[in-house]
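A, B, C and D label the chains in the order they appear, each numbered from 1.
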Amino acid sequence: MKMLINVAETVVADALRGMAAAHPELVVDVDNRVIVRRDAPVEGKVGLVSGGGSGHEPLHGGFVGPGMLSAACPGEVFTSPVPDQMLRAAAAVDSGAGVLFIVKNYTGDVLNFDMAAELAEDEGIQVAKVLVNDDVAVTDSLYTAGRRGTGATLFVEKIAGAAADEGQPLERVEAVGRQVNENSRSFGVALSACTTPAKGSPTFDLPPGELELGIGIHGEPGRERRAMMTSGEIAEFAVGAILDDMTPRNPVLVLVNGMGATPLLELYGFNAEVQRVLAQRGVSVAHTLVGNYVTSLDMAGASVTLCQVDQEMLRLWNAPVKTPGLRWGV
Amino acid sequence: MLDAEFFRRWMTATSASVDREAERLTALDSPIGDADHGSNLQRGFTAVAAALEKEAPQTPGAVLTLAGRQLISTVGGASGPLYGTLLRRTGKALGDAGEVSADEFAQALRAGVDAVMTLGGAAPGDKTMIDALVPAVDALGDGFTAARAAAEEGALATTPLQARKGRASYLGERSIGHQDPGATSSALLIAGLVEAAGE
Amino acid sequence: MKMLINVAETVVADALRGMAAAHPELVVDVDNRVIVRRDAPVEGKVGLVSGGGSGHEPLHGGFVGPGMLSAACPGEVFTSPVPDQMLRAAAAVDSGAGVLFIVKNYTGDVLNFDMAAELAEDEGIQVAKVLVNDDVAVTDSLYTAGRRGTGATLFVEKIAGAAADEGQPLERVEAVGRQVNENSRSFGVALSACTTPAKGSPTFDLPPGELELGIGIHGEPGRERRAMMTSGEIAEFAVGAILDDMTPRNPVLVLVNGMGATPLLELYGFNAEVQRVLAQRGVSVAHTLVGNYVTSLDMAGASVTLCQVDQEMLRLWNAPVKTPGLRWGV
Amino acid sequence: MLDAEFFRRWMTATSASVDREAERLTALDSPIGDADHGSNLQRGFTAVAAALEKEAPQTPGAVLTLAGRQLISTVGGASGPLYGTLLRRTGKALGDAGEVSADEFAQALRAGVDAVMTLGGAAPGDKTMIDALVPAVDALGDGFTAARAAAEEGALATTPLQARKGRASYLGERSIGHQDPGATSSALLIAGLVEAAGE
C-alpha cells in the first residue's frame, strides 16, 4: 500500500508539525505529543483531556478548542498514548477547577489514563474520568474487554466541552459526559480493511463481494462477514442493531461517520437510508452530522451513532464550538 | 547468583529478539488486533536499552524498575502498562540487593506476573500474555531453559482459545485459531533469560 | 470495487436526499438537482451559482450558504450538469442584482454553463461568468482544452461569495472572482485511481510502487508516472511546479487538499512538508486549510493550491461563512 | 425520401446500439477520460426514445430537434451539448418538410457537424467525435453504408492521434494509442442510419 508519508516512524510527528502550521490557535508540542488550546488553562473552567491512538483524525486533536477539548494526546497509530502525555496535558489545562479525562474503552487507553490519573492526583490535580463505550457490536460481558468507544466520543467531547465552557464544576461536567455516553450507541461496517504505516499491508483480507459487520476503529475485523449489501440493507442492519439495544424516547443526534476512504457522496447516500430507517422505526431526529469524524486510517466503510438527547443536552450540543474539526456559532 | 549485569543482558537480549521478531508480532496482531504489537515493543525495548546504557543502574532491582518505567513511558497501548508493570513490580520485589538467587528471582517474577493479572484482570486461558507468563514462572524452578519451553508452549496453546481480554475479545469466536501476539512476545522475553545466562 | 450505495443509477439522487436530511438550512431539489440556500434570493445581492459533476464533495453543494454559493448544480458523477439545472438555479437566486456563474474549465462545464447563460439572459437574468483554470499540470495552449479548474474553485467561491454577501455589484463580484483565479495555481498527485459507480473498477491501473503526477479531479491519469516518492519529495515537486508558474509577492492561502481516500493524518504530514518547501522558497503563508475539499471519489492522493492574496482578498477570505463544508465566524 | 418514421427509427436504433455498447464506451473513456461516456449517452438516448414516443413529432426536422433538445437536457458533460447541437442543428436545417431527400439530409447533417465544430472548436485530427463525423458526412453521397464505413474508419484512425480537445488533451502524449470514445459513439450514430434504412 502506498502512503503519502516520509517513513512510518515519523508519521505522527510529521502530522503534528502539519497541524501546528495549519492551526496557530493551537499549541502543538511535537516532541511531547500534546495538543493544547492556546488560551489554556482557562481560569475557573474544568479542563477536558482526551487522547488515544492516532489514525482516527480529526478525533481527538481536531476537536481541541473553545467549547470542546482543552487538550489531546495522540499516541502512535492505533496505540494508546503514554501516561506522560496525559499528565503533561492535565498540567497544561488545569486552572484549579480540575480535569476530566475522556477515555475510549480500550484496555490500553484505560490502563494508561488510569496511570496518568494517579500521577496527576499526586501532583494535586483533581481528575475525573468518563469512559466511552458505545459500540453495540461488542457484547459487554465478563468475556470481553467491554464495549469499545467509537463515534459517541464526538458527542461526549462536544457536550461535556460545552458544559465546561459554561463554567460548570467538575462533577457536573463528568455527569454530563457520562449521560451522553449512556445515551449513545454505535455500529460500524467496513468495505475494506485499513493499512497501518507500520505494517504496510491491509490489516485483514476482505474479498471482493464481502463486507465486515460490527467493526471497530482500529482495523480489526468485525463480528461477522457477509456478502456485500446495499446501502439500504446496511442502514437497516446498523440502525437495527442499535435499536435492539436502546429505545430512544427523546429525539436523537445522528452521526453518519465515514471510516476514512468512503467518499462523502456515498456517506450522504447512506445517510438518506439511515434517515429512512429511523423514520420507519419512529425515531425522531434532532440533528444529523455526516462526514469523516472518527476514522480508521484509509478504511472504507461507515458507522452510525445515535445519541438520545434531552433539552439540556441539545442546548449544550448547539452551543458554540471552535475547533479544526467541528465549528459553529463562532 | 544473578547480578545487575545479568538483568541488563536479559533486557538487551529481549530488545534484540523483539527487533528480529517485530514484523511477526505485528502480523500476529493483525487478524485479531490492530497490527501494532511488534512496533510497540520495538519502540519500548529500544528505549529500555538506551536508558540502561545511559543510567547504568547498579542492582538487579534498579535495572528492572528502570526498564519497567521506560516501557510505561514509551510503549502505550495495552502492552506498555502491562509489561511495564511486570518489570517494575519484579524489580521492586528484588529490593536493592546487589545480587539475587534464581529462587529470589522466580519469586519476584511471580509477584510481577500477579501484578499484571491484577492490573489487566486477565486469568490463564483468557488468551493473553498471562498464558505464557504463568507457565514460565511455574517452570522457573527447573531453570531458564525449562521456563522458556513452558512459555513457548503456553504461547502456542493460545491458538485454539477464544479471547476474553484485550482487543481480540471483540472478535468473539472469530478470535479462535490465531496465536496471541502478547503471549508470543512473552515467550521472547522469557527466552531472553536463557540468552542472558549464556545457557 | 465495493461501494456504500444502492445502485449506480441512484447515487446522485440518494446523496441529495441525504444532504436534504442533514442540512435543513438548504433547499435540496432532488428531482431537479439543484441545491439552494433557504433564504434565496437575497434582496439586493448577487447570486453565486456553481456546479459540475458529482464526486468532488463537499464541492459544490457543501459550499452553499451565507458567505459562499447561493446555489449549486450537481451533475452525474464526473459529468457536467445540464443547462436546465443552471437555469433553474439562476432563477432561484436572482434578486435582480444578477447572477455569477463559477465554472471550472472543462469542455462540458463550459458548454453547458454557456447554454444556460443564454437561456437565463433570455429570461431577463443578468449573468456574468468566472472561469476557474488553476491546474499547472496542464499546458495551456492551442493544443489542449486549457488548464483544468481544481482547488482554486474553493477560493473563488469563498472570496467572491464574501464580496456578494457585502452587496457588491455583479461586475465587482465577477472581478474579484477573476482576480482570485488569476492568483491561484494547483498541482495534484494520485497514489491510486478512483472508481466511478458507473464503471465499477478503477479508472486506471497504478502498480504498487508508482504514483501519478499532475492529475486532475476526474480520475484521469496525470501527465507523468513515476516511482513512488516520499511526502517531502512530492511536496517539493508540487510546490515547485506551482512556483515555476507563479512567483507570489504577497502572502498566499494554502490548500492542502485530499483527493478522498488519503487519511487526514497523512494530509497533515504532507502539509508539514509543503510548509517547509514554501518557507525555503521564501513564500509567506497567510492561512492554511488541510482536508478533503475538492475530491475525486475514493482516489488516494492530494493536491496543493496556492492563492496569492492582497489585503482586500484576505479580508474577504476571513469574512464569515456558513456552509456544510466551510464555516467560520457564524 | 426519408420521413419522420425513418428518423425515429434512426434514433431508436442508436439508442439500442448505445445501450449495447455503453460499457465499451465507458471503458474507452477510462484511460484518456473520466469513464462516463457510455452512461452519459445511454441516459441521453433513453430520454430521446421516451420523448419521441410521448411527443410523436411529425416531421424529420421536429424529430431531430426534439432529440437534440433531449440530449442537451439530460446528458451533460461535453458530449451532451455537442451531440445535442448536432441533432438540433441538423433538424433545424431540415425545416418543416414532411419528407426529405437523402441529399437534403446530407446537407443538413453537414450543417449540424459544422455547428459542433463551431461550438467545440475542434478540427479534424484533434481526436474527437469530429474525426468520425466529418468523414461520414463526406461519404454520405455514396449512401448510408459508405458513411458507416467512413465513420468507423475515422473512429479507428483516432488511436494514433494526440488529443487536442476535451479531457484527453490533458494527457498530452499519453493520449496517443487510445481510441477516442466520442468518435466511437459517432460511428454508432452513423451506423444507426443503415439500420433505420433497413439496408
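By definition in this document, a contact is a pair of C-beta atoms (placed from the backbone, for glycine too) under 8 Å apart; a residue touches a chain by one contact, two chains touch by 3 or more.
These figures come from a predicted structure and were not determined experimentally.
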{"item": "Shared interface partners, meaning chains that touch chain C and chain D", "value": "none"}
{"item": "Separation of chain B from chain C, taking each centre as the mean of its C-alpha atoms, in whole Å", "value": "53"}
{"item": "Rounded Å distance, chain B centre to chain D centre (Cα mean)", "value": "73"}
{"item": "Centroid distance [mean C-alpha coordinates] between chain B and chain A, Å", "value": "31"}
{"item": "Sequence positions of chain C contacting 2 or more other chains", "value": "77"}
{"item": "Chain contact graph, described as a line, ring, star, complete graph or other shape", "value": "line"}
{"item": "Contacting chain pairs - touch in the sense defined above", "value": "A-B, A-C, C-D"}
{"item": "Interfacial residue positions of chain C with respect to chain D in the complex", "value": "8, 53, 75-84, 106-108, 111-112, 115, 137-139, 142-145, 148, 196, 198-199, 203-204, 216, 218-221, 223"}
{"item": "Contacting residues of chain A [partner chain C, same complex]", "value": "1-7, 10-12, 14-19, 21-22, 54-55, 57-58, 62, 77, 191-192, 208-209, 211, 228, 230-232, 234, 256, 260-273, 275, 285, 288-290, 292, 295, 297-298, 300-302, 327-330"}
{"item": "Chain B - residues contacting chain A, complex", "value": "26-27, 30-36, 38-40, 43, 72-82, 119-120, 162, 164-167, 169-172, 174"}
